[in-house]
Structures are given as C-alpha cells and as structure tokens.
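What follows is a set of notes on a single structure, which appears directly below.
Naming follows writing order (A, B, C, D and E), and every chain is counted from residue 1.
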Amino acid sequence: MEQQPLLKVTNLKTHFFTDDGVVPAVDGVSFTVNVGETLAIVGESGSGKSVTSTSILRLVPSPPGRIIDGSIIFEDTDLLGKTEDEMQRIRGDRISMIFQEPMTSLNPVHRVGEQIAEAYRLHRGMDKHEAMQRAVRMLERVGIPSPEKRAGDFPHQLSGGMRQRVMIAIALSCRPALLIADEPTTALDVTIQAQILDLMRKLQEESRTSILLITHDLGVVAEMADRVIVMYAGKVVEEGDVAAIFKNPLHPYTRGLLGSIPRLDWRRRTILPSIEGVVPNPLEFPTGCRFNPRCPDAGAKCRESEPALKEMTGSQKVACWLMERGC
Amino acid sequence: MLSYLIKRLLYLIPVLFGVSVLVFGIMHLAPGDPAQVILGPKATAQSLAKLRAELGLDQPVYKQYLNWMANVLQGDWGRSIQMKREVLPLVAGRFLNTLVLTLFAALLAISVGLLAGIVSATRQYSVFDRVSMVGALVGFCLPVFWLGIILQFIFGLKLNMLPVSGMHSPGHSGFADMLPFIILPAIALSAEPAAVIARMTRSSILEVIRQDYIRTARAKGLSQGGTIWHHALKNALIPVVTVVGMQIGYLLAGAVLVEMVFSWPGIGTLMVNGIIARDFPLVQGIILLVSTSYVLVNLLVDILYTYLDPRITYD
Amino acid sequence: MSGALLEVKDVKKHFPIKRGLMSKNAGCIKAVDGVSFSVHKGETLGLVGESGCGKSTTGRLVLRLLEPTSGEVLFEDKNIYRLSFNQMRQLRRDMQIIFQDPYASLNPRLTVEDIIIEPLVIHGIGDSHSRRQRVKEMLDLVGLSSYHGSRYPHEFSGGQRQRIGIARALALNPKLIVCDEPVSALDVSIQSQVLNLLMQLQDMLKLTYIFIAHGLNVVKHVSDRVGVMYLGKIVEIADSEELYRNAMHPYSQALLSAVPVPDPEIKRERIILTGDVPSPANPPTGCRFHTRCPQCMDICRLEEPALRPVSDKYMVACHKYQ
Amino acid sequence: MMKKFFLVTCFILAAALLLAGCGGGGEQKSTADNSMIVVGLQAEPATLDPHQMQDYNSTRAGREIFNTLVEFKDESTELEPGLATSWDISEDGLEYVFHLRQGVKFHDGTPFNADAVKFSIDRQIDPKHPFHDTGTYPYADFTFGMVKSVDVVDEATVKITLKEKFAPFLANMAMPAACIVSPTAVEKYGKDFTKNPVGTGPYKFVSWNPGVEVIVEANPDYWGEKAKIQKIVYKPIIEDQARLTELESGNVDFIVNIPPDDLARLKADGNYAIVEQPGMHVWYTAMNCQKPPFNNVKVRQAVNYAINKESIVKNILKDTGVPAVGPLPPVIWSQTSDVPKYDYNPEKARQLLAEAGYPNGFDVTYWVPESGSGMQQPVAMATAIQSDLAKVGINVKIQTLEWTSYLDKVFVPADKSDMQMHQMSWIGDNGDPDNFLYILLSGEQWPEAGFNDAYYKNDKVDQLLKQARTLSKQEDRTPLYQEAQKLIMEDSPWVIVDHETQIVAMNKKIKGFKLHPTGVFRFEKASLE
Amino acid sequence: MSSTGSEIAVKPQGTAQRTKTRELWRRLKKDKFAVAGGIVLLTVIILGIAAPLLTSYNPYDAVLDQRLLPPGTGGHLLGTDQMGRDLLTRLFYGARISVMVGFVAVAIALFFGIIVGLFAGYYGGLVDTIFMRGIDILMAFPYVLLAIAIIAALGPGLFQAMIAIAIVGIPYYARIVRGTVLSLREKEFVEAEKALGAGNLRIIFKHILPNTMAPIIVAATLDVGWMIIAAAGLSFLGLGAQPPTAEWGVMLSEGRNFLRVAPWVSIFPGLCIFIVVLSLNLLGDGLRDALDPRLKE
C-alpha cells in the first residue's frame, strides 16, 4: 500500500479562552492521514480528540476557541492559511464530517432529502430537482429502504440507525477525500453499530476515501482502523499501526485503557486492571507528563518535564519517559 | 389536523364558560349599583328600585347569570346600560378597531423585533448589537402610557407631524385616512413587545447556533450567514412564536392604556368606563369577546408550531 | 425454586399512549410484556438488551417504582405489589437501586453528606451523630474521603458521583440492588473502577444484584446468569459463561457477534442484523424477532415461542429448540 | 422558508387592511370644508336621545338636534319661547297650556304637533306607554314627577296638568328631558333611537361613528335663525393634554376642560379665544350635622374659618371657579352676598373650637371621590383642606373612593350613615333656586328621599323653602330664598368653596360663540370667519 | 459545537471548593451591568427606607403658594409638584411604596404560582387537569382587563392593585414551575428518593422545590420591574394607588397634566420607574446568564 499523505497535521494547538482561564484542549498534536487509510484517534472525554477533528475543518467555536499554532496541510495546502470562503468550498466537498449524535446532528425542521441535496446544490451547483434526485440515490447507497419516500421524512421520523445513515449520505455525497467520523456509533445499539461500521467499510472500499475515526471504543478501533493515535489531556501519547499497538501497547495509559475493558473471552468476575484517579482538570494540568498522577510507574522525571513523542519500534511512537529509559 | 382543530375549538367551551362565570361573579360581587349609575346622583330611592327591577338586578345572582348566558347563546348579548346600545354590535365594532391597532402594533413589533434580534445575533457584540439591546431594555422599561404621552408631545405638539387622538380625520374613513392616526399609538404599543421579541430572537438564535445540526450545516460547507438563514432561523423561531403569542395577549391588554392616551376608539375606554359605571352586560361582553379572541390567537400560535416544527403533530 | 430472594412472575407493564385532550387510550406501549425470572441470594443476574427492550422498566418494576399492569414480584416470598405504602416503605430498606446517569441521580442542591443521610432520615434510623458516623463509613466503603461529605455533587467527576450513588444505596444495608446501567455513562478507564467496586462490595456485603446493561461484555463479566431481552420479553436466560460459549437464540448470537473485540487479530464471522427494532407499541406477531431473524421459519411468524428450559440452567424462547 | 415567512407577514398585513376597511364603513369626504368645526369633547356621548341624557358629552353633542317648548335665553336661565310661542298658567298653578309653533317639521319630514309633545313626555313617565321601553330616563322623575297628565287640546295646543303646585315647572320644560322627539322616528328605531336622533333643532344628525365622532349639520329648514356653521364634528379626546395638543396643532377647533395651569398659558398665548361663563354649580364639603363633632354649629363655623378657600380657588383651580359666598351660584336669580361670611381666619377657628370644647382639635375621616361629575379636582382640594385643618388641630384622614361606590356610601339614611365629612358638588338643572336650596338643604330631603347629604335641618329654613315652591312669581319667591341663604350660612352645614366656571378654548376663526350656564353649546348663533 | 463544549466545560473536579451559590455570585460579580443594577436597586431601597432622615419636608404637606417650582428653586432640589410638595421628598417616599408593590406582588404571585405548579406538575392526572384548567381560564383574560375586573370587585387602591397584578402573575409562575417539575419529576434523583421510601411531600418540598428555584428567581427578578410598570398603568387608569399617596405611578400619571407647564413633575417619577425597572432587568439578565453560562460566552 503506497503511503501517500493526504492530511498532515503538525504541532496543532487549539486553546479555549474561557472566563476561568485558558484550556489547552489540543496542545501540540501532529499526525498524518494517508490516502485510503483509516486513522483512529482514541481517547477519553477531555482528551482533545473531538477538538482536533473540528480544528481540521476550522469549525472550532470562536470565541472562546482559537487555533493558536501549527499547520494543517491538506492536499498540499495549509488549511489554516485559507480564507473562510475557501474553507467553505472544502467543507462538505473535499473533507466532510459525521458526528456522534445522529439525533441532534440533523436539522429537525428540514426533510432529510433536502439536507442531503443541500450539499449538491452548494458544491455541484445543481438545481433543486436534480439535487433531490441525487439525494435519493445517495440514500439508496447508504442502505435506506424505499429512499424516495424516506427523502420526504423529517429526522424525527427515522430511527437512530437510519439517521446516522443519512448523516453518512450527507458526508459522502460529494465523494470527499477525507471523512472525519467523530464517534459515529457511540449513540447506537450494538447491532446497529455493526450495521453502520459495516456500511462505512463498504463505502470506503468503493471510494478509497480516507477516514479519520474519532472514538473512545478500542473495539471499534480494532475493527476499523489501520493506524491509531492515542490522546490524553490534549496530547498524543502513542501512535502506531493498530496491530502493533494492540499487541504491544507501550504507554501506560494505552495499556491501562486496553486492560480496563472487560472482554467476552475473559474469565468472569475477575478484578479488572484499571487506571486509578480521574482525568485531570484542563485548567490545571499537572506539570511533567500529564498522565503522571495516574501512572502506576511514574518517577521523578515524569513529574518534572514533559516527554516528547519519540519513534520506537517500527511505526510505533510513544511519549513516555519510562520507554526512553528502556531504550 | 382537522380533528385537532375541532377538539381545540370544543375546548374553548369550558374555558369560556369559566371566564364567563368568573367575570360575572366579579362584576356582581363588586360594590356599586348600575341603577345608581344610570339614574345618577339625583335619583330617588323609588326610581332606583324600579329600575333595578326592570334590569333584573333584584333577582338572585345565579338566575341573572343563567338568564344572561341563555341570551348570549341566542346571540342577544344585552344592551349596554350606559351606552344604551346593543352590546354585541357595539363591542364588535370597537373591538375591530382594537384589533386593527393590535395587529399594526404586532406587525411593527414582530418585524422590528425579529430584524433587530437576527442582526444582533449574527453580529454579536457589534455596535448594532449593543445599541439595539440597550434599546430593547429601554423599550421594556418604559410604561406604555408614559411613552404614549411623550410621543404625543414630540410628534404632535413640537413637530406637529401627526395627529394624537382618534382614528380618522373628521368625517373620513378608510385605510389611507387612518394611517397617520395609527402610527403613534402603534409605536407606543409595540415598544415593549418589540423589545421582548428582539431579545428573545437574539438569545434563541444564539442558542440554536450552538446546536449540533448547525455544525453539520457548517461542515457541509454553508457560510455563517447561510447557516443562520437556512438552518438556524426556523428553529430559533419556535420559541419566539410562543413569545409572540404571549405578546399578542399583552398587546390586547396594553391597548387599553394606549387607547386611553390616544383616544383610540377601541374597547379600552369602553371597558374602563363600563367598569366604573357597573355596566354589567357591556363588561361581560367585552371580556367574553376578548378572551375568545385571545384563546383563538393561542390556537393560531399552536397551529403555527406545526408549520415551524414538524416534530409536533396534533393527530 | 424456593429459596430465591426474588421471584418475578409474568410481570407486564403497558404504558398507555395518550392522545388529544380527552386522554383516550389509543393503544399502549408494551414496554414489558410478560417477564419471569428469579434471583438467588448472593448472585448477580444480568439483564441485557438494546434500547427499548424493557430492561430498565423491568428493574423499576422489581422495586415497585412503577406499578405493573399485571404479574407479581415475590421478595422473600412476599408479593410486593400487595403491600401498603408503609409496608412497602419498610421493604425499601432491603432493595435499592443504582442509576445510569451520575448527573441526574444526585440532587444538585444537597451536599454529599445530606444525600447519603437522606435514607437514614427517611427511615428514622439513628441520631444525628450516628448518622454522621454512617456517612463516613459509607464514603470510606466506596473509596471516597470523609471530607468529600461537605461538597456538592457538581464538584465530582462522573465516576465519583457513581460512588456517591452507591454509598446512598448501601446506607440502609439492602439485600438486593438493581444496578441500572451503572457504568454506561462513564469513561472507559473509570468504568473498570466502578465495576471492580461493585464486585468487591458484593463479596464483602453478600449483596444480590440485578445488573442491567446494554454492553454484553460488561454484563457477562459481572453476572452469574444473564437474561437477554428483546421487545419486552426475555428470549434467553442462562449461565453467563454458557451463554457466551454457546448462545442458542439467534438474537443472542447476533448480539454477541456484534460486540467489537479490541483485538485486531481476532477475525470473526459477523452476523449483521438487518433493519431496526420494531416499535413496542406494535410488536410483530409470532416471534417478536422474526422480522430481523436470519433463521426465520414459517412458524415464527405465526406463533410466539415460550421461554422453555432446554437444559438444567438454560432457557430459551425460540421455535428452533422446541 | 423565508419566503413563507414573508407570505405570512403579507397575510397579516392584508388582514389588517381588511379590518381597517371594515372598521371605517362610510364614504370618503373632502377635508377642505371651511364651514366645518371640530369640537374636542372629554368622552364619547353616551346617547343622543335627549330623554336619556345625563352627561355633558351627550347634551353638548346632541342637545342642538332638538328644541324644547321653552328655551333659556342666551347666557342666562331666564326663559323665552321655543317650540311653544306662548303659554298660559292657570291661577292655581296646576294647569299649563302651551300654544305650539306652526309649520315646524322634524328632520325626518314629519310635522311637529301636540301629539309629538304628548308622546315625548308620556314616553318617559307612563310605564304603559308603548314606547316606554325604548330607553331608561334618568331625569323623568325629576322633570315630570309632578305631572299628572298631558293632554292634546288640538293640533297646536297642549295642556299639562300638575299634581301639585310647583313653581319651577316651567324651567323644567327647558331641560333636555323636555326635548320634543319625532314619534315616527322613535317608532321606527325603537331602542336604537339613541343613535338615530330626530328632532326639530338647528342641527340635524348626520352620523355617529362610535368612539370616533358624532357629526351634525345645519338644518336648512330650521324654523328659527338658521345656523351659519354648516357642519360640526364632536370628537372624544380623553386625555386633557391630548386635547390641548390637538387644539394647538390645529386638528381641533374647540375644546373643553382645559387644565387650569394650561389655561393661563393659553390666555397668555393670545392665539386662542377663551370663553368663560360662571356655571350653575357649587362645590362643597358637607359635614354631618347630626353627629359629633359637627352637630355643634361652632365646630362647623370653625372649619369654615380654618380653610383658605381663596387659596384653593386661586392655586388649585387657577381661578377656573369663582369663590362662593353661599350655596347659590351668581347666575341663579335670588342669589345674594348679604350673608354671614367666613374669611380665612385660623385664629378665630381655634377660638371657636375651644369654645365648642375641642381646644386640641379632633380626628376626622374625610370621604373623597377620586373623580366625578362636577367634582373639579377632588383629591387636590381635599389635600389642601386636610393641610389647612391640620393647622387648627383637626387631624383629617382622607379616604378616597371610586365615584359609583362613593355615591352608594354617601346617600344613605342618616341613622345608617357613619359619614363625618365628605365632598359633593351640584350642577343645576333648570336654573331655579329651588333646584339648589330645597333639594340640597331642606330637612325633608335627607337621603334616601333627597340629596341633603349633610343631614342639615333647620325648621325655619324648611318652612321658607317649602313656601317658595308654591309661589309662581319670581319677585315673591326671591326674598324667601334670600332669607334662607342667610340662615343656612349662619348654620354653615357646608364648607362652600366655589362655583365652577365653564371654560372653553377655541380657534379664533369661531366668532360670536356664547356659553350657556347649562353647559350646552349653542353653535347655531356662532359663525366662522 | 456542543460536543466540543462538553469537553472544555469539564468542571473543576474534586479540587474545587466553591459551592454553587458562591460560584453563582462569582459569575454575577463579573457582569458589570448586573452589579450596577444591583447597586442602583439597593441604593433606591436604602433611600426609600431612610427617606425621613434624608429630607426635612413632609411628602404630604401641600403648600399651595409654592406650586410647580422648577428644580433648584426655593430650596427644592427637584422642584415642587402641583400641590407645592417637595418632589424629591415624594420620590424618596415613593421608592418605598413602588418598589414594595413590585416585590410584594411578585411574592404573592410566586407563592400561589409555586403551590399550583408544584402540585399540578408532580401529581399530574386529575390534579393537574383541575389546576391547569383554572390557570387557562385566568390566562384567557388579557392582564389589564383581569386586573381591572379584580379592582372593580375590590375597589381601587394600592393594596387592591397589588392583589390584582399578583393574581395576573400567578398563571405565569404556575406554568414555569409546572414545566420545571415535569422535567424534574423524571429525574433519577427523584426516583432514588422513591426507592428510599420517601413520601410525596418530602420529595416535593425537599427535593423538587429547591431545584425549581433557579429559573423562578430569574423570572421573578425580571418580573418585579414588570409589576411596577403594571401598577403604574393601573394608577394611570385611576385604579391603583390613590392620591395623595406618594407612589411613582400616581405621581407620573398626575404629573402628565403638567407636562407643558412643569415637565419635571412627571419626568422625575418616570425616570425613577425607568431606572428601577432597568436595574432589575440588568440584575435579572445577569442572574440568568450566571445560572446558565452557556448562553453567555
């Protein structure tokens, strides 16, 4: 598989300037998404994974949020240097996005067909009629039965799974180069989740779209992604191929995360390995490694200075003093 | 939808029944004797007693109520004690004038309020936003009758631009002739609702543009303005409609004060005088009519919801 | 099955659909439509199913937080639906609940201490000193410090709030606790902390759990037995290891295969169900699962299968096995 | 969606236009009418049926549509022929024969005759009259209470027989209730005659747009001198300030009820004609003569001395009234200034109070209406009185009441009354002294029978007033009334403050307008420049 | 945006020492307008209470030869009114009455509104139907008409006006409370109380009522101003406080007849009403923003 970079994010910093202080939600994040691959960003709430994704589309609410540093090179140009008009042409066309809550992500007062057609009208300049026909075809592609009838429905008339299919239809309508999927299945039941993941895989195969998958569910990562980056408290702590990371997690946080999910093939009622403590308050991140208060092996150095992301074996990178010592 | 409409209209019956009982009770429990009012301070005790009997006021209250109700249901709303005329045509004619004023004021309030609210929301913290929100606060804080008097003073006396009383120039009628007359009262009346609507629209839009589907629209490639226009506004209007509906009620009420100030020939003066004169049939008629229309306005608002918000169905 | 702490017999809960002004019943939602099971002292019964299957309603019916449409629930051989308000109040000491949403389940206006004291006050247990003592014990038990007592819920993280909720439930020394999705709203790393706590407490205090969740992996991990629910019915109920190894009902099979496994090297044959869960207001005739069942037979459309034992500890409601 | 929003807006606008169209109802007329004036009234007339009128707004807008058999002379309460050219009164004073003017027609073309006179009176006083139920008649008792029968002698002669001798009766025949209405019109309109008045007067009714205006126009076939102002529009303008603004901006030509402070300004301005005329009015505060402390004449006199009436008239009323010396206004014949006077003298008041046994004053409740016909500025005047009485040690608590409830509370029999002092005013009806003195101060007229609201009783006064009622000649009655006035002022049951002056302000183009003491506007004698 | 919002809105967890009230106060303090509103309101109340200490005039002392003196003349800072009374003095005393009218009327409306709303919302069913139908009937009256009708029965006066506008306010609060209760009733902490065996009254008053207070306090603050204006409107119609009461609405409405010759007589009371209502609004807006910081930003 050729490794042709589509999106290259370098040292991205998105901070929120609130009444209570500055929240460094994304604090120097770098990664690359290659053409045709699926990169997963995994992390818990407050890790900055969603802000990373909205930063790419420059949709961080401002105020209070602001991208203060970094570059986002997409198809060889820096998105941060583009005007708002240029961004609008890219959004929904070259890069599109689906969101966690299919319930609230669709406009409740417009018919779903119109909401899909809108993308065609914006980016393909189609008239109302043509756009609607394309929208119906798109609905069919995402597996919605009797799409003509459904196009006239309002979102509340659809089930959660159907709504997420509509969201996917909107996102893929203009055949984007990059699809950002922010927790696309979190709100869905497992059997529906399986349907949606299956659909996404199928569509990706058809169109060679790159996917940036944001999730907290390592199971979804294992099933969907080629590579994964693990975020904690606004920073990337580990990056690598899915197979490698699941087999050999290097960062204590990644290890803890993998260990704390009960697995069907585990023995029942064993005490789960877990990460003690809570996610730190973003206003008062600890000095040194941000994971140090919860890290079972943290040493003095971990409390003093921040580790950088360093390449380890093969494609795997990790930001941990413990690993450096190990090398 | 039709069955819902019918149900809602049927629902009017108990509400209006309650209203009628309440107003009848209040009026008849109130001290003061309509016979005394008719005959004036120079009336003698015998003539008072005679008139009370003629008006049926010597009967027990519940009987009076039943009589009145029976007649009202047959379209006979009685005759005003003070104005000597039949209540229904009298009140209907005056109420029409009140409605004209209210509608004008509503139109003014809605257009000014919506516009100011929308522009303020899209340009949050701009000069326009700040000026119009301060203006809205001022509009909210001015007593309507006081604003009316000030308007009269400025536009009527100092600038001599507009008439300050009545509805038509002498001997005239029709819409064109009414226009200069309605401007000042409509402005006075619309100040408060316009302020409320502007503030509501602004905060509603600001609330809506935080919603997920607005982010979806932006991610689709819509501009900020396009998003507000195509996606935020209709959603934002849903709570605004409730407020508009309530404001129309307040307008009907505020009209009483404005009508006094501008001598607008609506139900306001009729009502206040009617109460002072213990003109039972008149006051009862007015309240029944106004309440009916008020409830109908609310029904209209509910129907407007279905248009704005497809999630609401009344079937 | 005597000796069971709790026995649920054919409990139904139908919520009327209100329409219009006249509140005429225009049908009803059959949230729970004939559920039977029993729970033994000290065991954990898991209830699993997708949203809308009636598992949470079942939990509330067991505690009589909802009045049932029909059926009975025997707690220590007493039918709790026959108890008066005061008798029920007494009984509530023995049965408690832990909720899903750690934000909505604690009164934001009360301090943590007040929240945990609340059950003691309601039942008039102890004086203010002993109550305070009890709060300290409880906080200690769930891994919080006593200085947390003077704070308000919003000052805590989701996991900590869940611990407070557990402390409140334990304050009266209950025998049975219904855990209604206790970890679904928590971050992964916190989930395991709470699950560990629940398991430790069970061992320590000899508690009996009904553990309700939609995550099959979580349910399986903590439960002795698991009941799988679909559209207001239990379709399969079995020992949890057994169920995982050898699920019989096609729905259970699909559910199991749908759970993503965090191991890229395991490649499984997935069963992907088509369509959505039908509306509980208008469930399909025959077997309720037949509309989505990959192994549907003719009889499934016509006749509803009963929940029948296929082996010693295994019951399933499917025509394939009857 | 915005398109639809605008559609909705347009719909509302259209609805408004439609309503506005309906609201008017009537054809367009030209504004540039030089022979028209607009009169700003305080409120809308309640009725244009003269038999039902009881407020100024009604009489002002409607009185000129009608005539009475006898009419008041200009600016006086003396009588002159109206629809009756002459009349004879029988020796015993019980029979009045009126000889009617010939060839007069109602505005609807039907002839004026004796039947119309009988109809107009019987309609009000005979409960069995077929058209009795076409209205309620507040003044019927007062005006015709003493009438035994009305008889048509012939087409041009009517005889009215009284039950007992009643000297002021002839003056009653000039009151609005004595207006002659067209029987045909009453038959035609029934109860709605109130908004379709037909009479014989100098102006005839054109239209009444409720709440907006009443329009009358000159009657071209009038039997007397024809009106020069062709059309008059009576328009209710409720707010005093708005009425002023309309006058000053030229939208209205003639206004009533000018606030005293603004009157001074208008006078200084010089651009407006101001016409004043002392009215048939008296403003007083009655004291309960039957109960302590006011059953002591010294207390009543003390109160009279303690109150600075001049200051009230000057400062609060801004001279819109004339200070009163007695109960009768100067426009009423037999009024005299030769009575005991109570100039402002707090010293004397204190002395009288001490003599009466109240050296330290006392507490008293003072009932005050918030408004009311003829009450001028009740609250302000009460406040001033309260302030004055405080200076002599009388501690006044003001209790304000709404007018209707107020009347209910005031006019109760003496034994049921807990009244101490209260305000009242009286507006004369027929210009006869009896209409003031007998009704308000005779011992026979205690509520509820009459209006002696001070429960004043002096046998000598009663005897004088009763006797004066039965004499026909003015010169015989005058000395009796003058004697009574002296006695009353000696007893001082009231604190009499002023007689209100009627004041109107008008555009200077209106010439020759004179106010009448009855408050009716006589535009038929005025002209436009 | 909301998902990013939830990420950044992670509350200071565990480490925070602030109580909710204190946090509210802290946020409120940051709102300059709200603070200004609060200070003005407090000042007005203090001026009203301390009126006898601040002025040597009697607010009811008519001095007829000192009528309508312009501001600054004859020792009257704001001039005199149509009865020669010191305007400033009357404004001071008026502050007591006008502000009191607003607060008392709101308090009465709140009391009944809360009771009706709590029970209707909590019990639902028949209780709800009966209560809310009554509320519907009250709501079918436009408020001025309802107030006028009530005053017709009670007679005009300050107290009656207060009652009338309070009754007018009841449906409003009943609806807010009912709406809040309906959503609170479904909250799990209420269910937890039931599971613990708590009785209905305990749940209503200890657990639901305190949680309805936030929206109500905001509404009530904004409403005090509205009630003051409504009371002034009734005074204008001659149905509210009666002269010579030093109430701003009465002063304003009496003063309107001297608008040309002595504008200060009505302008100053008008200004006072305006300032008080404005400061109440600023305070109410600030409170709302502080309670719901999401709307601000």
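Quick notes on this one:
Here is the rule we go by: a contact is a pair of C-beta atoms (placed from the backbone, for glycine too) under 8 Å apart; a residue touches a chain by one contact, two chains touch by 3 or more.
This one's a predicted model, so the numbers in the text were calculated from it and none came from an experiment.
Path length between chain A and chain D in the chain contact graph, taken as the least number of steps between touching chains: 2. Note on connectivity: the fewest steps through touching chains from chain B to chain D is 1.
If each chain is reduced to the centroid of its CA atoms, chain A and chain B end up 53 Å from each other. As a whole-number value, the distance joining the C-alpha centres of chain B and chain E reads 22 Å.
Our note on geometry: chain C versus chain E, Cα centroid distance of 47 Å, whole angstroms. Within chain C, the positions touching two or more other chains are listed as 157, 160.
Among all residues of chain B, those that touch two or more other chains are 31-32, 149, 153, 157, 210-212, 215, 230, 234, 260, 278.
The set of chain E residues that touch two or more partner chains comprises 1-3, 5, 11-14, 155, 256, 259-260. Against chain D, the residues of chain E that register as touching in their complex are 60-65, 67-68, 82-84, 155-157, 238, 242-244, 256-262. Those residues of chain B whose C-beta lies close enough to touch chain D in the complex are 31-33, 36-45, 47, 51, 54, 79, 81-86, 90, 93-94, 96-97, 99-100, 103-104, 106-107, 110-111, 149, 152-153, 156-157, 160, 163-175, 177-178, 229-230, 233-234, 260-266, 269-270, 273, 276-278, 307. Chain C meets chain E in the complex at residues 60, 63, 65, 88-90, 92-93, 95-97, 99-101, 104-109, 118-119, 122-123, 152, 154-157, 160, 165, 168, 172. Within the complex formed with chain B, the chain A residues making contact are 54, 57, 59, 61, 84-85, 88-93, 96-97, 99, 101, 104-110, 115, 118-119, 122-123, 154, 156, 167, 170-171.
Chain contact summary for the complex, chain B toward chain A: residues 210-213, 215-224, 230-231, 234-235, 308-311.
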